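Below are structures written as structure tokens.
Both complexes below contain chain A, partnered by chain B and then by chain C.
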Partner chain A sequence: MDNGFLSVLATLLTGAETALKVSLGAAVIAMTGGLPLALSVVFTRIALVRVVIAVYVEWMRNVPALAHLFVLYFGLAAVGIRLTPLTAAIVGLGMVGAAILCDVFVGGLRALHVGQREAALAVGLTPLQSLRFVVLPQMLRLTLPSIGNYASQLIKDTSIASAIAAPEIMFYARNLVTSTFQTPLIYATAILLYASIVLPVSWLFALAERRLEARR
Partner chain B sequence: MSEFLDTYRTYLPEWWGRLCAAVGVTIELSTLGFALAILLGTALVLMIRSRWRFARLAANAFVQFLRAVPLLALLLALYFGLPSFGVTLSSFWAGATGLGLQGSAYVAEVLRGGLGAIHRGQREAGLAAGLPPHKVFLWIVLPQALRIMLPPLLNCYVSLLKDSSLCALIATDELMLTARAMSSEFFLPLHIFLLVGLFYFAIAFPLSMLSRLMAQRLSRGRRSVGVV
Partner chain C sequence: MSEALLTVDGLKKSYGATEVLKGISFDLKKGETLSLIGPSGSGKSTCLRCLNFLERPNEGEIVLEGERIGRIGNVAGHGRFMTDRELAPQRREIGMVFQLFYLWPHLTVRDNVALASMKADGMNRSDAYALAEQMLDKVHLRHKADEFPERLSGGQQQRVAIARALAQKPKLILFDEPTSALDPELVGEVLGVIRELAEEGRSMILVTHEIRFARDVADRVIFMDGGHVIEEGPAKDVICRPQMERTRTFLGQVGETSDLGI
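Let's look at the complex of A and B:
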């Protein structure tokens, strides 16, 4: 059996599919969770809501993702809730992501001058319209760099899912090492594979950012 | 719920000592990693700001590359891959080195941003007043840049602290590995991993808050969208 660079790469690429699934799944949860959380933090007057969200965000952000994954995968299994490794990884990284994006969006909203919203309301837009057409587009533009950082962080973090046996890139790499012992080649290939996924993503965000800057 | 807490009451005396010992290793590991990150990050920034095109290119490429590689891959390569080249690191040093490399890219960005944020007029004024260049840097540029850099550097430390949990996967005897060992010993994974989360939180959260407070003091007095 030939175990050159290409065959190693082929094996690791089978894990790229799972890595992609985890990234996309987690990103969807993070976006759909993070935005409502951020809007609640910024626009609610109910102190309890803010406190609950703050506790969630701080817990998610100040505890390692690995601990979250272990709680979801091993912890919940012990009380009868069995998640597959893939589900646990998506839910875990997604919940962390929602907290990160909540902070990012709150930062973006707070960076917008209050006059933006006041002006939108003054010209007769409803609060919802002012949000949809004035506040959110500007907030997205402001936070694009942070969202880009988050995206590349997320792709890298999918590697952690190998610790709960989700069959992604590092999982295959570690398996391959125990069966072929070509340790340096395999890990170097894994590193290159991640770099070749993450770098284009961050360049894409940088490009989008420059486009938006140019249009202003 | 009370049953859940009772379990803690039963086992905590037994767990506490072991977790506290492990937390010491976690702090050592992340502090050492952070020190390496500062050293390497400073070297990278010196290269990025140097006159030589090649040094700038190399340092920028290195930073970009490091930022695109997961820490876990670095750790496994350092711990399992390097011995093939005759370099054997203990799991602790492999962990610290991996954290240092990962952190250095971030530190370099922070330092570059902080130094870049100081208006060039500051430097020019210092030079015009007759101070030699190194004193201008040390007494005029650096103190102002440090104010800007401190909050993100603190965040970097918090990141490294959390990331040090990955060193469990190369068998560094830190908090997360201890937790895994305990979880297979006591069969109470939910209790143990939540408790371990609390240990990380107890260190990371105050530091995060401190960082945010410092950042807030830097940008006071702006009204924005929303209430308060």
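Let's look at the complex of A and C:
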């Protein structure tokens, strides 16, 4: 059995596919969850809504993501709800991500002058149109660097899904190590693989930022 | 015959325990330019912002061409307040120019002026752009249509904001201290545009600290202090021959006495 670099790489690439699935799934949950949460915090007049969201955000952000994954995977299983490792990882990291992006978006919305929205309402746009055409485009532009940071952090954090046996890069790496003992080669390959996913993502965000900068 | 375009009756506004407007009433005729003057904190900006319900007044009625603004139903003093969504078509009838311009920095000048035509009126892009360029012509900035607002001077930005309000084809335009945030050398170009609009016979309400401009351009002036209308009348009467002591004191403080021989 050939356990050279290419063979190791081939095995770990299977894990990379899982890592990407988890990243994408979690990112979708984080965006679609974080934005409504942030809008609720900024625009609601009901204090209770703000309190509930604040508790959620603090809870998610101040407990290790690994603990959330254990609760979803082992904890729910104990009460009869069985999630696959992949689902638990996507949901868990997504819920943490929604809390992180909620904070990011709230910051972006607060940084926008209220006059921007008032001007949109004053020309006769509805609140929804004001949000869509005036507030959100500016908010996304302001928060793009933070969203980029979150994205690369998320991809790296998929490694903890190996702890609930989601078959991602570190999961395969550890299995390979225990069966072949080629520790340096295997972990070095894993590191290269992570870097080759995260770096392009960071570059893409940096490029997008510069594009938007250049337009102004 | 010359029925009022806008009627404001008994407008009151409080923030917590602080009453900022204590019952403001006035009329505006069609084609008239009215200027609100008064010391800082007199309530003139708040009053202006109540007219399109960017501030919700606690009491009082605002009627624009027979249409009650901001409240449901036709019985004065009754009916719930409209939501921002319900207010949108009414606000569309009222242009507003802000002290700090509030152009949208992510859109070109052309799109700033055309956005609401497309989204609120459902106009197609080429018609909206044509209208936008026509309005930019009026403020002498058609050549800046492709620029982003940040590339323009403050005076140019404010003129774009005026074009944006004109593109609403509004029945009434509100100016909230349109030159207060401008460097002194840029004030003239903005006042020039406002003067042209006044001469066209637009209906406008102008909150301003430019007393001399108010005297020259406005048909009527209202002097406000402490949330009350203190004095109201033809611009030259109020500014050159004020009847009330408080008006005289204010005009003296802003240095208009010596010029005007009060």
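Keep in mind that, in the parts below, the second predicted complex is superposed on the first by the 216 of 216 C-alpha atoms of A that agree within 3 Å, B and C clash if a C-alpha of one lies under 4 Å from a C-alpha of the other, contacts with A are read in each partner's own complex, and residues count from 1 in each chain.
We adopt the following convention: contacts are C-beta pairs under 8 Å (C-beta built on N, C-alpha and C of every residue); 3 or more make two chains touch, one makes a residue touch a chain.
Note that the coordinates shown come from a computational prediction; the quantities given were computed from them, not determined experimentally.
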Where does A:Val79 make contact in the superposed view: on chain B (first), on chain C (second), on both, or on neither? first
After lining up the shared chain so the two structures overlap, which partner does A:Arg61 touch, if you call chain B first and chain C second: first, second, both or neither? first
Is A:Ser159 contacted by the first partner chain B, the second partner chain C, both or neither? first
Quick one: chain B or chain C, who's touching more of chain A? B
Once chain A of both complexes is superposed, is A:Leu121 in touch with chain B (first), chain C (second), both, or neither? second
Between chain B and chain C, whom does A:Phe133 touch in the aligned arrangement: first, second, both, or neither? second
Does chain B (first) or chain C (second) touch A:His113, or do both, or does neither? both
Could you tell me which stretches of chain A are touched by chain B in one complex and by chain C in the other? 113, 116
Chain A residues touching chain B - in the complex, by the definition given at the top: 42-45, 58-59, 61-68, 70-71, 74-79, 109-114, 116-117, 135, 152, 156-160, 162-163, 170, 173-174, 177, 183-184, 187-188, 190-191, 194-195, 198-199, 202
Chain C partner contacts - residues on chain A that touch it in the complex: 113, 115-116, 118-129, 133-134, 137-138, 141, 215-216
Which residues of chain B touch chain A in the complex? 64-65, 67-74, 76-77, 80-85, 158, 162-163, 165-166, 168-169, 176, 179-180, 183, 187-191, 193-194, 196-197, 200-201, 204-205, 208, 222-227
Within their complex, chain C touches chain A through residues 52, 54, 84-85, 87-89, 91-96, 98, 100, 102-106, 115-116, 119-120, 148, 150-151, 161, 164-165, 168
